[in-house]
Amino acid sequence: MAIANSGRERILERIRKAEVPQNPAIDWAIVSSDQIFEPITDPLQHFLAECEANLTEVKVTRDGKSSQNALAELLSAVPAGTVYVQDDPRLRHLADAFVGREVIWSSAGRAPEDCQATVTLCEALVAQTGSIVSSSRDGGRGGSIIPPTHIVYATSTQIVPDITTALRNAMESDLKNASYFGLITGSSRTADIEKILVQGAHGPRKVAIVLEIQ
Amino acid sequence: MDKRVALFIPCFVDQMQPQVGLDTVKVLRRLSFQVEYPEDQTCCGQPAFNTGQWDSARPCAEHFVNVFKAFSQIVCPSGSCTSMVRTHYPELLKQSVLHEEAVAVGSRTFELSEFLVRVAGVSDVGAEFRHSVTYHPSCHATRELGIYDEPISLLQKVKGLDLRLMPNANECCGFGGMFSTKFGMVSSAMAETKIANIEATQAEYVTAVDPSCLMHLDGVLRFQKHTPKVIHLASILASEASL
Amino acid sequence: MSRLAEEFLVAAAQKSADLTHRATIKRNIDSYDAAVAKGKMRFVDWEAARARAAQVKSEGMHSLGPLLESFEAKIKARGGHVYWAENSEDARQYICDVAKKHDVKTVVKSKSMVTEEIHLSPALEKLGIKVWETDLGELIVQLRNEPPYHIVTPAMHLTREQIRDLFLEKMPSDVQGETHQELVAAARRFLRRAFFSAEMGISGANFLVADAGMVAISTNEGNGRLTTSLPKIHVVVTGIEKVIPRLEDLGVMWPVLATTGTGQPITTYSTLIGGPKTADEVDGPEEFHVVLVDNGRTEVLADKAQQELLRCIRCGACLNQCPVYRQVGGHTYKSTYPGPIGSALMPIFQGQQDYGHLSYACSLCTACNSVCPVKIKLSDHLLENRHKYVAEGNAKTSEKIGFSFFRWMAMNRSRYEFFGWAGRKALRVALGMGVKPEQLGPLAKWTKYRAVPEVPKESFRALWKKENGNGNR
C-alpha cells in the first residue's frame, strides 16, 4: 500500500538545487584502496593470525573425517541443550558429529531462543580481519546471533584477502540478493562499562570455525 | 640571503610584554639581520575575527596588509598572530581589493622559530640559559602552521639548557582568545590540566612560541601559587649568560 | 544570551570544577587514545585512508539525489518501504503510524543518534508503547533517565559501582554478580526478554549503500543484529547524508569508522540489510521500512561554506580529542550532538540564536580537524557560525561597541598608541591605589581565575623609539 509522501519531491528538489562540487577545494590526491592497506601475501596464515587476535577459535582439518571430529570436539564443550544446524548437504554429511545431541535443522524454522549452539556454513572468510561472511541463507539471520556459541564449517578455498574483495564478490554474485549478509569478527562484546572490554554481550560469546584445507 | 626583516609585534606584546619584542630584536641582530619596525602597525584583527566580528576585523587586516606589503620578510614572535595572517587573511579578505596582496604578504610572514630554522637555516643562535625548561607546543603554531620541530631544534642548541618534554603536550592550554573570559572556568580547568603536565617534568620554566598561551598560563600559575615560571622562546634565545 | 547559553555556562563551570569527573574522563579517553594509536598502525598510510574516506563521502554528497533514488529503488524492489521525512515531526508521525497499524506494544531500539534528534521515543511512549534501548550504554542512561553522555560511549561518565547499583534497582532478578562480565550478563538476560517479544525493532544506519541498495550497520554487542532480525517489523531511521556510492567503499569506510570510533580493526558485526525476509529465508522481519530524514540537512547541503559537515560519519573522534569536551563532558551541551561536530551543526540545525553559544565554547585549538577521519575542518565551521551569529544580530551590544571602538582605534597608529598608553596608565594607577581585581570592570573576568599581570610603563614601540630613534638599524 503506497503511503502518501509529498516530502519526497521537496527534499529531492532541495538536493537538486544545492551545488556540491565534484571534488572539494581541498588539496588531496585521488587515493586508491591499494595505498591504504598492506597487501596480503599469504591469506591463510594472515587469516589464522587475525582469528587468534580476535579470539575466534579455528580448528584446521584436512578432510571430512577430521572435520567431523573437530566439530564433535567443539560440541562436547557446549552445555546440554539443542543444537541448531543449517540444513545443507555439507552439514548433513557431518551428521556423526551430532551423535548424542538434540539437533534442530534449519528447515524447521528459526534458531530457537534457548538453543545452546548453532552450526552453519558461511559465504566467505576474510583474511584481512579474520572475519566470517555470513548471510540470511546460512541458518537464517538468527543462526549467527541467537546462541551463546556459533560454529562455522568452512573450507580454505573460501578465504579472500580483504574486505573490498569480499564485497566486490558479493556484488557479482547472488549474495547481494539475500535480505541480510555481513561480516562477523570475533564474538559479541562491549566496553560500555568503564571502557573495560567484556567478551560476550547479546550475541555469541564464542565463535569457532572448522576450517578444512582443500 | 636577504638580511632585512620587518618586525610584526602583536598588539598585546607591544603593550603588555614589550620584553618579548626586545628579545626578538636582540636575537635577530645577533644573527646580523637588519631589523625594521613599521611603526604604523597596530593590530592584525585576530580578536575581532575569532569573535565573529568580521566587519571589525577586515579593516584591521587591510591596514596590516598596507603597512607590511613593502617588506620582503616579516617576522613575528607569535604563532597565533602569524597564523591569522597566513591562514585566515585569505578567507577574511576574500572580497577585498587587497585579497591578492594579502595572500602574498601572508606567504612572507613567519613565526620567529620557523624563520630562524627554515628560512635562515640556523638552529644555534649563540644563546645560553642554564635552567630546566619544558616546551608547550601552541595549537596555532603546530596544527595551523606546521611548526613542530623548529622550536625544539633551537632549544636543544641553547648552552646549558635542560630540555624536558611534557606528557600530553599537544593538548590546548585553554587560552583561546575571548574564550578565556567567556568561558573562564573551563579555560582555567584546561590550564590546570596543562599545569599538571608541566609539573610532571619538574622543570623550572615552561616556554612556547605563543605569548598569549604564556600570558594565560602565567596568570593561572601565579593565581594558584605554582612554582614553574613562564618564559617566551625569544627571551631564552636572547639570553647570553645564566640569569 | 539565550537561556540555553546561560545554562551552558553554569553547567560548564560546575563540571570544570568536578575533579572526579575530570579523572574519570581522562581515564576513559587515555584508554581510547591508546587503542586508536594501535589501530592506526594497521594502515600502511593513515592519511591516505582519511583522504579516501573523505573522497567517498564527498562523492556521496555530490551525487546525493541520484544515489538516494538508486538506493530507494533497490529497497522497494525487495519489498521494503522508503519514506522521506522532511522534519522531526514528519518522521515521528510515519513511524508512529506504522506502530499503530501493527498494534505494536514493545519496541527494541539499537543505537541511532537520529532517533534522539527527532525525539522518537517520547512519541512512541505517548502511544503506550514500551521502548527499550538495547545498546548497553544507552540502556544504562535510559534507566537513569538521563541523556547519553557521548555518541559512541553513552555511559562513559559512570563507574562500575554506579552501574551495579542501578541494575540492582532496575533488574534485581537478573543480577548474579558485580564484575564487569556479570553486569553485562545481567543486561543480556534482561534485554533478551524484550528482543524476543518486541513487535518492532528500530535501528539507525551508519551508511546507505547506493549500488547494492542496502543499509549498513556497525555494532559490537549483537543488539543491533537481534533488533534487526527478531521483531516482525524493522524500521531504519537515518539522515539522508549517510549515503555512499558503492558497496566496496565499505572496504575503507568500515575499518576507518572502527578505528576512530573505538580503535578496532572493524566492529564485530558489520551488517548489511536490503529488505524484509525473502520467501526462502527461515527468519527475519516481514516488513522493512527506511525513513530518510532531512530535518535541516538539505539546508546545510545548500551552504557552500558548510556542506562538508555532512561528511561526518559520527565516529566520536572529535569529541574525544576536544579539550573543552574533556572538561565539561557530554551533558553540558544539552544537544543531541555534543563536542565539536555538535557545536558546528546544532546552531545550523536549530538556529544561531539559541545554540550559537556552542560555537563560542571552543578555544580554536583545531585538534578536532587533525583527527576527523573524513577531513572536516571543524574549527572553520565554528568560526563561520560565530560570524553568522554576529551577522544575525545576536552579539551583545557592549561587545559590538567594544569591537567597533577597537577597530576605530586600530586604524590610526597615533590613536592606538594613545589608548594603549592611557589604558596601561589607568590600570597601573588603579592597582597602585589598591583597586581589587574584581572591581576592574571588563578585566574582572580575566582576574577571576588569573593573577593580575604586571603592567609595563612603556610599550615596545616606545622602547624601540628610544633605542633606535625614528630610523631603523
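Points to keep in mind about this one:
For clarity, chains are labelled A, B and C in written order, and residue numbers in each chain start from 1.
The rule is short, and it goes like this: a contact is a pair of C-beta atoms (placed from the backbone, for glycine too) under 8 Å apart; a residue touches a chain by one contact, two chains touch by 3 or more.
Since the model is a prediction, treat every value here as computed from it, not as a measurement.
Should one ask which of B-C and A-C has more C-beta pairs in contact, the pair is A-C.
Closest to the middle of the protein, by Cα centroid, lies chain C.
Chain centre most remote from that of subunit B: A (centre = mean of CA atoms).
Centre to centre, using the average C-alpha position, subunit A and subunit B are separated by 54 Å.
Distance from the subunit B centre to the subunit C centre is 32 Å, each centre being the mean of its Cα atoms.
A straight line joining the Cα centres of subunit A and subunit C is 30 Å long. The touching residues of subunit C, counted against subunit B in their complex, run 9, 12-13, 16-17, 22, 323-324, 326-328, 360-367, 369-370, 383, 385-391, 395, 399-400, 403-404, 406-407, 409-413, 416, 420, 423-424, 442, 445-451, 453, 455-456, 458-465, 468, 472-473. On the subunit B side of its complex with subunit C, the touching residues are 9, 11, 13-18, 21-22, 25, 34-37, 39-43, 45, 47-54, 56-57, 59-60, 63, 139-140, 143-144, 170-172, 174-191, 193, 215-216, 218-220, 222-223.
By the touch criterion stated above, subunit A contacts subunit C in their complex at residues 3, 5, 7-8, 10-12, 14-24, 26, 28-33, 35-38, 50, 106-107, 109-111, 113, 128-129, 131, 136-137, 139-142, 144-146, 162-165, 167-168, 170-171, 176-196, 198, 200-204. Interface residues of subunit C, counted against subunit A in their complex, comprise 27-28, 31-32, 42-45, 48-49, 51-52, 54-55, 58, 61-62, 64-65, 68-69, 78, 81, 83-86, 90, 94, 97, 134-137, 140, 153-156, 158-160, 163, 180-181, 183-185, 187-188, 191-192, 195-196, 211-212, 214, 220-223, 225-226, 228-230, 240, 247-248, 250-252, 254-255, 262, 265-278, 280-284, 288, 292, 294, 298-299, 301-302, 304, 307-308, 375.
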